[in-house]
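Labels A, B, C and D are assigned to the chains in the order they are written; within every chain, residues are numbered from 1.
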Amino acid sequence: MLVVMEAGARPEEIEAVVRHIERLGLKAHPIPGAHRTAIGITGHQGKQDPFVIENFPGVKEVIPVTHAYKLVSREAKPDNTVVSVGGVDVGSNGIVVVGGPCAVESLEQTRSIAEGIKRAGGQLFRGGAYKPRTSPYSFQGLGERGLEILARVREEFDLPVVTEAIDEESLKLVAQYADCIQIGARNMQNFSLLRSAGKAKKPVLLKRGMSATLEELLLSAEYIMSEGNYNVILCERGVRTFADHTRNTLDLSVVPAVKRISHLPILVDPSHGTGKRNKVAPMSRASIAVGADGVLIEVHHKPEEALSDGPQAILPEAFAQIVRECDAIAQVVGRTLQPALSLS
Amino acid sequence: MLVVMEAGARPEEIEAVVRHIERLGLKAHPIPGAHRTAIGITGHQGKQDPFVIENFPGVKEVIPVTHAYKLVSREAKPDNTVVSVGGVDVGSNGIVVVGGPCAVESLEQTRSIAEGIKRAGGQLFRGGAYKPRTSPYSFQGLGERGLEILARVREEFDLPVVTEAIDEESLKLVAQYADCIQIGARNMQNFSLLRSAGKAKKPVLLKRGMSATLEELLLSAEYIMSEGNYNVILCERGVRTFADHTRNTLDLSVVPAVKRISHLPILVDPSHGTGKRNKVAPMSRASIAVGADGVLIEVHHKPEEALSDGPQAILPEAFAQIVRECDAIAQVVGRTLQPALSLS
Amino acid sequence: MLVVMEAGARPEEIEAVVRHIERLGLKAHPIPGAHRTAIGITGHQGKQDPFVIENFPGVKEVIPVTHAYKLVSREAKPDNTVVSVGGVDVGSNGIVVVGGPCAVESLEQTRSIAEGIKRAGGQLFRGGAYKPRTSPYSFQGLGERGLEILARVREEFDLPVVTEAIDEESLKLVAQYADCIQIGARNMQNFSLLRSAGKAKKPVLLKRGMSATLEELLLSAEYIMSEGNYNVILCERGVRTFADHTRNTLDLSVVPAVKRISHLPILVDPSHGTGKRNKVAPMSRASIAVGADGVLIEVHHKPEEALSDGPQAILPEAFAQIVRECDAIAQVVGRTLQPALSLS
Amino acid sequence: MLVVMEAGARPEEIEAVVRHIERLGLKAHPIPGAHRTAIGITGHQGKQDPFVIENFPGVKEVIPVTHAYKLVSREAKPDNTVVSVGGVDVGSNGIVVVGGPCAVESLEQTRSIAEGIKRAGGQLFRGGAYKPRTSPYSFQGLGERGLEILARVREEFDLPVVTEAIDEESLKLVAQYADCIQIGARNMQNFSLLRSAGKAKKPVLLKRGMSATLEELLLSAEYIMSEGNYNVILCERGVRTFADHTRNTLDLSVVPAVKRISHLPILVDPSHGTGKRNKVAPMSRASIAVGADGVLIEVHHKPEEALSDGPQAILPEAFAQIVRECDAIAQVVGRTLQPALSLS
């Protein structure tokens, strides 16, 4: 933390800041400059927020220097974390391609799509039983019945399942039926839900919020890890900007940024990230090229009849093409396609 | 809804879209133009999402025309809604000035601040017992003990209390102890929590999410209302942009936009909206000038010792000055300062 | 400037950074902390960019502490600058209300509107002769003929004129015909144009770019001032965000931020800032309430026939109402309405 | 264009809108719906702006349906445009890797870097002689001397040169010395400069502005083309958002969006787009994977001594590695590396 004093700050004002820092049990390092004095702060920050120093007379700015996250940091754990989702490794050298419908609509629909995913070489299945919808009047998912369908499909096709939990109640059921608990973008800072996910026994896929900074994403992961669940997978799914040619702006640069700071795996969701079917394949390729550990793709066998998010779903054949292209690009960056579980 | 066809769309492609629209039970109105055909859609939209038409061959774009909200709309209820918070009207001709600390820290702190709020003419008290904090290691609030303190202070000073609920459990307690349940910006799209708030018997103050459009804010209010709780107060608290001179960008133009579309009252929170103590007074004045039904202000008797959000809290004396200025500006726009409850 | 080293930076890496800082003629102040070392830098920065230190091994981050602007700063000139625009003071205790059409279309149109502005108490006239339009096929303004019309109208109504220059050529003409040269948002970082405006003999109204930070706005003003023209008026006209209920998001908090850092006057343009006729009056009131030195408003006597930006233009009668409301709010904040020039 | 009437619009209000549309020489198509009437508009839009209809009583919204660009559109020219930059094709099946320093600093520096670019297989050279800098006190480039250096280096290494013009004067010189005129992000809506570039005899590289929509980028290209210069190359270089882990947010999804709508080639600049040296290689790979026609990369042989933008420049060896990776990824997407000119 660095305190920058005003150009005209008086010596007693500087003195008052130094004394306050010391009262907090920290160490103050005044640096007199040509125009103004800055004061470096070192030591372990406790319960009190040193930002309140911004209120002292003569203080121009307080600049944070250290970060609040610990467990997510590569400084804490230099090696990459590999998370096993029902037997499929995420974050290892092999990349994963996750596919499935936005929403589970019926057993037939789910089976049809799962068959396509499996045949195409997808290793994990996604599909929502609980859908957080902007409008209360939109289709909200089949709930537990949807989870049952997902569980049946997993058994039939040996495709571990990722599905979203939206509250305490659904979290318990998802943890029971599925292989990985998804926390959606809208709940990235639902801290109670994060804590509960931290107590669950299944891995967690944490999506970046629509206006979340990297620091906030990592701190949300820290919430989960601080409760004892270290199996966290991050996911970029687009942020909200003024740009209107896609539904969100997929921020691929966050992938190398995460890799630099954290040991956690990160996937990219180009379906929600663009909201446009014709952008899914190119952005999937780009995701693997930039270093993501995999992609999450919405697939529907009849997109024009999908109950939600039809415009971004692609056909199983297009998904198969994406798996092939991701495989080829993985090899350029020294990686491979993670093998799918073999049908037992 | 309007479907715009590509310039080169073939007649059979147009025909296929028309047939699909009719299959959905809607009416299609083809409009042949100089370059391309557009197809208007009318009728009551059912469960299926007409956006899937974007996937049909020859379709360039699907443009939504109607909105999904109903109950929040001024078309549904032309007159302004007035919400009574513990006897204080919000949304009437009288504006309200809500004050209090970011977090309840102790009985003495809360009493000291409440005394200042009451003396200054503030009509409602705010203070967090449950604090949604970005880092798991920051102070998270006193929980139920905080609610008890708030309830004691309400009795002593006749100041109805607004406080945040962050999950099912805290919601139940807040609904029991407080006069108004706050749903914070990070939970604006926590739809389960919105539904629960819709079943509660107390008014709800719903803050706009950091990247929420007006439509999304209104649809979140619609979630609450669709469960039967019509006492919803909206609150603008700043959105996230590239601008870095304030912590968030307070979007005051949303106030007249809400007033035009909806009958619900709207407050402004210039403390979170700017994150800077020296911006609170000018932005409070601007909020009343633009037509808000009141402001929500963080006040602390010792801001430099506050356990959270110190840099934006102001002293009780500064709050008193804001009340006077808001009163004067209210009169310019033909309103008044809502009277505070008299100490019984 | 503060250099933050990695947690594991080796002593020789720290040493290399210190040596490089000293080689630049600056002073290095290492601050060893619990986890990592930070190095404060003081002294006058020369031609070389200390940011390159970010490339040294062991360096985590370089954090700027001082700002590049000098002449615009209140540290350089504590008192408010008052700019005389054809005899009307901008930045004094009296606020100004500037009105006029988006584009000068004809002598009759301009005279009709100017008459309304004058009658309403507006002190300055605005109107574009050179229009920077997004599309090459839109109406681009009358050019010099438009300037002649503006000059005639000024004489007739004693209304000093503000009008936009878009390049060297138009700048020369604008400086000759008008009382104040407007640099539009799209040209805020057209540094050649800024330099030319800095050499002109007329005041400059500099609009904030659509994605400009406060620092960038001030540095663009610094370009003008560094050429010797100290008569610069800043103008907030909305920034670009995801919000879609207005055309831009008017960032009123920049007004107190400018007032704190700089001595220059600042106006607000709620017409472009919202792009919606029904938001102009409330945002004008809010602008004066927040501390702006005036507002800039698009007025048209027949908005439905305007050749550009019709949806945001208001009628002369609505303008008169805004003048009255701004006057009343000015008084609440201890200011007045600046008197208009009397018709000679 | 579609006019949406209010739910309660009266028949005479609808009639007035229809009459106005017809008065503009357009055709009105009223579509009565369950709740409200919409009116489709067809025909060739003239000088008057149909948006003024938004001001008519009873009108809720006017929704644009067609776009203002013509020449840039794939509807106007279905085949990809290939632009020859000094003999190197941009936009053909072969991708290009452009390298060079942010600023030309000296002949030695430029020669050293050019040698590295050539050896690595880069086909084009970039380097600024005119630098648009945020602060008037930063290094602004060597001007014409810089252009002379670039021309010498081109001859020596057979590397055609792309360099930025910032005003009329520099544009003339750039068009004379260089092979391709760059228009920078800050000048994307400097329409006078665009028109001049449209009259120049050299190809133009047009960078997307920091807050430009795709539509605005295309309309700026349209300015150039409408003056007769059809050799326009677009360039994505990052947009401004709240995200702070990179200097800008590189919006790769704009590449397939451009490819869908326009026949013009598009490059990506990951150096400015991220502002971080360690993000340049991954984002270069991603750019080719997503379908860009090439990348533009800042290279410096001594980044820690660069006079501008040091933190994002990479070493020639790192550039060579990027060329190899882009080559490999090009092959995955069915393309190749465009051959460099052979040294004559």
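Quick note on the criterion: contacts are C-beta pairs under 8 Å (C-beta built on N, C-alpha and C of every residue); 3 or more make two chains touch, one makes a residue touch a chain.
These numbers were taken from a predicted model, which means no experiment stands behind them.
Enquirer: What is the shortest path, in steps, from chain A to chain C when you may only step between chains that touch?
Expert: When the steps are counted carefully, the minimum from chain A to chain C is 1.
Enquirer: With respect to inter-chain C-beta contacts, which pair, B-D or C-D, contains the greater number?
Expert: C-D
Enquirer: Taking the mean of the CA coordinates per chain, how far is chain B from chain C in Å?
Expert: Roughly 31 Å, centre to centre.
Enquirer: Could you tell me the distance, in whole angstrom, between the mean C-alpha positions of chain C and chain D?
Expert: A distance of 26 Å separates the two centres.
Enquirer: Measure off the straight-line distance from the CA centroid of chain B to the CA centroid of chain D, and report it in whole Å.
Expert: Here chain B and chain D have centroids separated by 39 Å.
Enquirer: Where in chain A do residues touch at least two different other chains?
Expert: Residue numbers touching two or more other chains: 211, 215, 239-242.
Enquirer: Can you check the complex and tell me which residues of chain A touch chain D?
Expert: 211, 213-215, 239, 241-246, 249-257, 260, 273-274, 278-279, 282-283, 285-291, 325, 328-329, 332-333
Enquirer: Within their complex, state which residues of chain A touch chain C.
Expert: Interface residues on the chain A side: 2, 4, 7-8, 29, 31-36, 38, 40, 42-44, 61, 63, 65-66, 75, 240-242.
Enquirer: Spell out the residues on chain A that touch chain B in their complex, using ranges where they run on.
Expert: Its residues touching chain B are 20, 47-49, 51-56, 62, 68-70, 132-139, 166-170, 186-187, 189-193, 209-211, 215-216, 219, 222-223, 226, 239-240, 277, 303-311.
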